[in-house]
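Got a structure here, written out as structure tokens. Questions coming.
A, B, C, D, E and F label the chains in the order they appear, each numbered from 1.
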Amino acid sequence: MPKETIFAAELSWPDYDAYVRDGSVPILLPVGSMEQHGHHMPMNVDVLLPVEFARRVAGAIGALVAPPFTYGYKSHQKSGGGNHLPGTTSLDGATLVAALRDVIKEFARHGVRRICLVNGHFENSWFIVEGIDLALRELKWGGISDMKIVVLSYWDFVDKPTIARLYPNGFAGWDLEHGGVLETSLMLALYPHQVSLERAVDHAPASFPPYDVYPPKPEWTPVSGTLSSPKEASAEKGEILLQVCVEGIVGALNAEFPR
Amino acid sequence: MPKETIFAAELSWPDYDAYVRDGSVPILLPVGSMEQHGHHMPMNVDVLLPVEFARRVAGAIGALVAPPFTYGYKSHQKSGGGNHLPGTTSLDGATLVAALRDVIKEFARHGVRRICLVNGHFENSWFIVEGIDLALRELKWGGISDMKIVVLSYWDFVDKPTIARLYPNGFAGWDLEHGGVLETSLMLALYPHQVSLERAVDHAPASFPPYDVYPPKPEWTPVSGTLSSPKEASAEKGEILLQVCVEGIVGALNAEFPR
Amino acid sequence: MPKETIFAAELSWPDYDAYVRDGSVPILLPVGSMEQHGHHMPMNVDVLLPVEFARRVAGAIGALVAPPFTYGYKSHQKSGGGNHLPGTTSLDGATLVAALRDVIKEFARHGVRRICLVNGHFENSWFIVEGIDLALRELKWGGISDMKIVVLSYWDFVDKPTIARLYPNGFAGWDLEHGGVLETSLMLALYPHQVSLERAVDHAPASFPPYDVYPPKPEWTPVSGTLSSPKEASAEKGEILLQVCVEGIVGALNAEFPR
Amino acid sequence: MPKETIFAAELSWPDYDAYVRDGSVPILLPVGSMEQHGHHMPMNVDVLLPVEFARRVAGAIGALVAPPFTYGYKSHQKSGGGNHLPGTTSLDGATLVAALRDVIKEFARHGVRRICLVNGHFENSWFIVEGIDLALRELKWGGISDMKIVVLSYWDFVDKPTIARLYPNGFAGWDLEHGGVLETSLMLALYPHQVSLERAVDHAPASFPPYDVYPPKPEWTPVSGTLSSPKEASAEKGEILLQVCVEGIVGALNAEFPR
Amino acid sequence: MPKETIFAAELSWPDYDAYVRDGSVPILLPVGSMEQHGHHMPMNVDVLLPVEFARRVAGAIGALVAPPFTYGYKSHQKSGGGNHLPGTTSLDGATLVAALRDVIKEFARHGVRRICLVNGHFENSWFIVEGIDLALRELKWGGISDMKIVVLSYWDFVDKPTIARLYPNGFAGWDLEHGGVLETSLMLALYPHQVSLERAVDHAPASFPPYDVYPPKPEWTPVSGTLSSPKEASAEKGEILLQVCVEGIVGALNAEFPR
Amino acid sequence: MPKETIFAAELSWPDYDAYVRDGSVPILLPVGSMEQHGHHMPMNVDVLLPVEFARRVAGAIGALVAPPFTYGYKSHQKSGGGNHLPGTTSLDGATLVAALRDVIKEFARHGVRRICLVNGHFENSWFIVEGIDLALRELKWGGISDMKIVVLSYWDFVDKPTIARLYPNGFAGWDLEHGGVLETSLMLALYPHQVSLERAVDHAPASFPPYDVYPPKPEWTPVSGTLSSPKEASAEKGEILLQVCVEGIVGALNAEFPR
């Protein structure tokens, strides 16, 4: 049992208990999905990336990383291609809400008072909010009112200078980054053997009207499943993104969870 | 992207789609938990073991392995020490049921018609049953009635001769094997660096009356959190268990999912 | 109104109130099902038996018996033949959980602090656990944290010597006792006019592989619906079982609910 | 096993199956409650009465009686004294709805196409409606659209001439009959040993304003828990009520479920 | 921003806050439906009327009126024609219950301690009760136990003399007043341009047997959708009803919410 | 009854039925909230605006407007100030999802096959998506698979040139427009008597870090409750916004719901 691990579930319970029972050590919980990410990447991108961000941040701030949520909310056409696509495997909103509520309450039972949800899948966002709200409500009913929860999506820590540097030809917005330069560069930096850039399909960024249609109109989504081209992705860009985001998240958590 | 992977989420969607759309390739879905397993083992035993069984079996029968459920149902005092223990992090029954229902239905949408739930956590059992029942009911409402689902817990494939061989001094029953010889031997064979056998607490098998009490009586659970001693565990026993269970599961799935 | 009744619902509210308001008198709540029990027995076996056990035990320990749950969780193929069989009439897991939660909370509102769930239907087991967990959680939210709940299935009180005596040719396990010697003997001892032993189908114990399949494979269940033959059942065996189980349960409850 | 029983759960499954599989035999399902009924009556009045009505009607029309629901919806102050009273043991609305939905769908699975819910507890009424609506919706999703369900509360079959005869001094309305002349007379006719008329509290009918207040105002409910005096109750009146209601219900069901 | 408005949502938050934070000002919450009301009236009658009653009452007692619930529970055949009719647009029971629970809890969070639900749709009644019960339960868990909630349906304040005056030829009961003299007269008095009395269909009051059938039998409902004829409706009768009901409700709320 | 109304609930059922039964006429459903909007505006802005947009668009495309949802999802700190603020009155996510699901299904029962949800409250967005997904799923179970649903938030139709024109000093993003120039200008154009611009608080746009914290940190929200200053709002800007958005929405719906 590697005592230095920062993965909570790789600890024995006495070691975990020693860390968390006084409430000061934060738990970082990666929330991912199983979602298609184009021809050139696997479907676990939204798990691998927040887990790795959580791992790096945890090391820097003295936190533990909880087991990730391996399934997430339904893919939205304008940010993930749509939930009609093969391979994308999603939960109902109520299921994700309930799972988050349950797990947060369990960590609180252990003594944890600081949790950071590290989101890797855009569509999880609002259901994460609801899961937290229900958990805090029930914790309060149970007499616990000093829990503090931070929620973040790692890409929100990419600042404007970095965007300008990484997207010299213009940035289309985070929604259209599905399977695009951001995620592909990070995967190239971290898990290059899981990326087949030669299979990537080059295409103009998807262009959507200012409304949604249900059932989704398949013709709105590029046939590759990505919403912008990953062709400009590189491991170097991935390293930049890693550095910027990890620094940003570390700063945020040091501010919110002062030692 | 390693084309030979048998982990579904490590595939790109076109590769995954090619495998599953005609329904013949089974999906193996490991269902685990985050649960204390004594002083000598980490809390992800119930994830690591079914994932590894699924991986080996999938290789043998031409199946894919879905991302595991990393959290499971509440630990029961007489089979896992109880859900009051530190570190154990569990879902409400309804949450686990809903998550399974959702994921099964998504695989069915992809074309999958053969699913095997590989359970690694005893307490998940009945909620798995309910999740399947709800999924099949809703699939039928949606016009899909040819789904076949197998559920198994790997330890049920340990046959009597093997039990006699591994437990020369008598076998206390699978419930009491929590953190005991079975799980510890498997972990020693597969992930020896995650086991600290020297920290294991030797104790007589837990002895419970023929009823349950709620809230649990902490004094009923050995202070180590294990229900029987892991001291007799060994990597050799783990290899035997691996072989027996994999062979058994492969045989079962070949019978139920003939090619 | 028979003042001596131990059935709670046969009391007037002032009499009931006098019993329960200080919390010392236990409530025994039989949890049954409507389930096929072969050709030779009615479908209310799982209600009649726990009610009668509860009645006898209540008399011995000074408890009251609540109205039984007349419907239970879905029959499982390997312990009840399967929920596809005619006559078996079952609840979703969430329904049983909610009903138990509600009723436990109501008894707590009356002042009751000791409850014993007397289960007569194997498949109810885990949903009983969840119902209790939710009830205790909500009671705690409402400021009640001194409730103690015992759960038992009467057959778990049949000790090994009795098994040896009743099953001289070997005992197949409680799951296979569905409609077999245990239940039939108890019914012969208690309600002989409800048993038609001459209609019983003699067959070898059902033999199941170490996994489950859904939808159930009808051919796995003996056509009679029983999982082992009731032919060796007798009223005498039933009397032995009654005595052993009642004594066992009385002992357990005297220990857990000391006066 | 008494072949002549009309209680479905007292039949073996083959006998039950022979009755119901072609859909012509109706199932009568009594829906009761555990509710205080004053000082002079037990708390199972709302189970005993609909069961007995169902039994008599079933005999007349060739129907079967299902096991009763032994718990019902929360007592309302203006029709049952209020759910704050000791002894009253109620379900949340959603629980009752789910239980009815489940059981109706199970009977449909057996082949039943005619169900009559025989209500004995006023407050169940609207949740019965919702349970039926959900059951019919889901049955339709499953391809069954020929189910017919009748709902009745036995007291609605007491016609005006009978009211005039039984209440020579004026009739206060069915809501105020809680524990009053109607129920007490029926109990005296059917289960006289369960009534202690000498303990009955004589009081003017409860008088409520045209609105409700929550939490209930205890002072609005007569201290006895009854809403009108049972003093004028008699077994003779009970016999009249039995005759009138049974005839009425038999007529209704013969009309709705023609043979 | 009209400072004199009594509609809570027409206030700015500081003005609203000043009113409610000490808990003395009651909130009146109209609960309506979108339901067919015959050929001569629109489908928002059950919203317009309780909103107007609430507005008048609020002015008299110093209360605020919350935004109405614009959708309600399913129309019942014997009080609204049935939910199979075109235009009627209803919520599941659980949805209405949850919405009421949520909104009541939010008002409590603001400081409100006096709420009156002003119901305009008969079928909402029981689900309102359940919504209140769940809200009060959860508020108590959260430490708030001094909330007082009044529920009323405005027609229950029409006293017998008024009934005699308005229905000289006899009164059929409030259920049959669906789209009849009561509602039509009120609409004529308040919103005459929304009534087309010349399109009203004259018919004898609907006559129903003393039981319900599901699915509803369309032939039981008059083809107009009303359950009694509105032909005798008039603005004058509407004025009388307005006066009687407003006076009654004002009196009730002054009694329950003393200043 | 004004035959020319485009508000569905102001129609009689026969008139409504004539419009919708063949499925060609779209229903526009405004989804709002009761939410604080600063010192200078009422709390029904998110209802008034989508209702008015729906009214204008319906007139242009021949659609009907359904009764609005008057309550919505919880206010988010970074787009509405946070749900801890006085006056904001919100639903749980599951409640909003269920209400939308129910209402959509009811319209489908009437024959409607084209629905447009006109959202006025940013935080509703994802729960609208889930409500639609559940509705479409259940409709499909019931045999209806030709429903088409458009979802839009009116502000998404403000194009870049208009933004440049209205925000000459730079545009902070739609989230920060809570109670700012956009909403205030629209209210000034439409309901000037409901705006007290002199009470508006001028402040720099709120500035949030790239993550959320729960419970919300009150100090992050400007004390006025608005997220950007409304001082630059004007009726003229409101007219421009009305024109641009109505034209945009009309174009979108003519494209998606061709006549």
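One rule holds for everything that comes next: a contact is a pair of C-beta atoms (placed from the backbone, for glycine too) under 8 Å apart; a residue touches a chain by one contact, two chains touch by 3 or more.
Listed by chain with UniProt protein names: A, B, C, D, E, F = Creatininase.
These figures come from a predicted structure and were not determined experimentally.
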So which chains are sitting against chain B and chain F at once? A, D
Neighbours of chain D that also touch chain A are B, C, E, F
Quick check for you: after a Cα superposition of chain D on chain F, what is the rotation angle, between 0 and 180°, in steps of 5? 120
Out of A-F, B-F or D-F, find the interface that copies D-E, where copy means more than half of the contact pairs are identical. A-F
Could you please state the distance in Å, as a whole number, between where the Cα atoms of chain E are centred and where those of chain F are centred? 26
Separation of the C-alpha centres, chain C versus chain F, in whole Å, is 54
Mind pulling the chain F residues that touch 2 or more other chains? 92, 94, 141
Quick one: which chain pairs are touching? A-B, A-C, A-E, A-F, B-C, B-D, B-F, C-D, C-E, D-E, D-F, E-F
Where on chain A does chain E make contact in their complex? 137, 140-141
Give the list of chain F residues in touch with chain D in this complex. 138, 141-142
Provide the residue numbers of chain C that touch chain B in the complex, in ascending order. 73-74, 76, 83, 92-94, 97, 123, 125-127, 129-130, 132-134, 136, 148-152, 156-157, 209-215, 248, 252, 256
Quick check: in the complex, which residue numbers of chain A touch chain B? 1-2, 7-14, 16-17, 20-21, 34, 36-44, 47, 66-71, 85-92, 94-95, 98-99, 102-103, 106-107, 110-111, 193-196, 199, 225
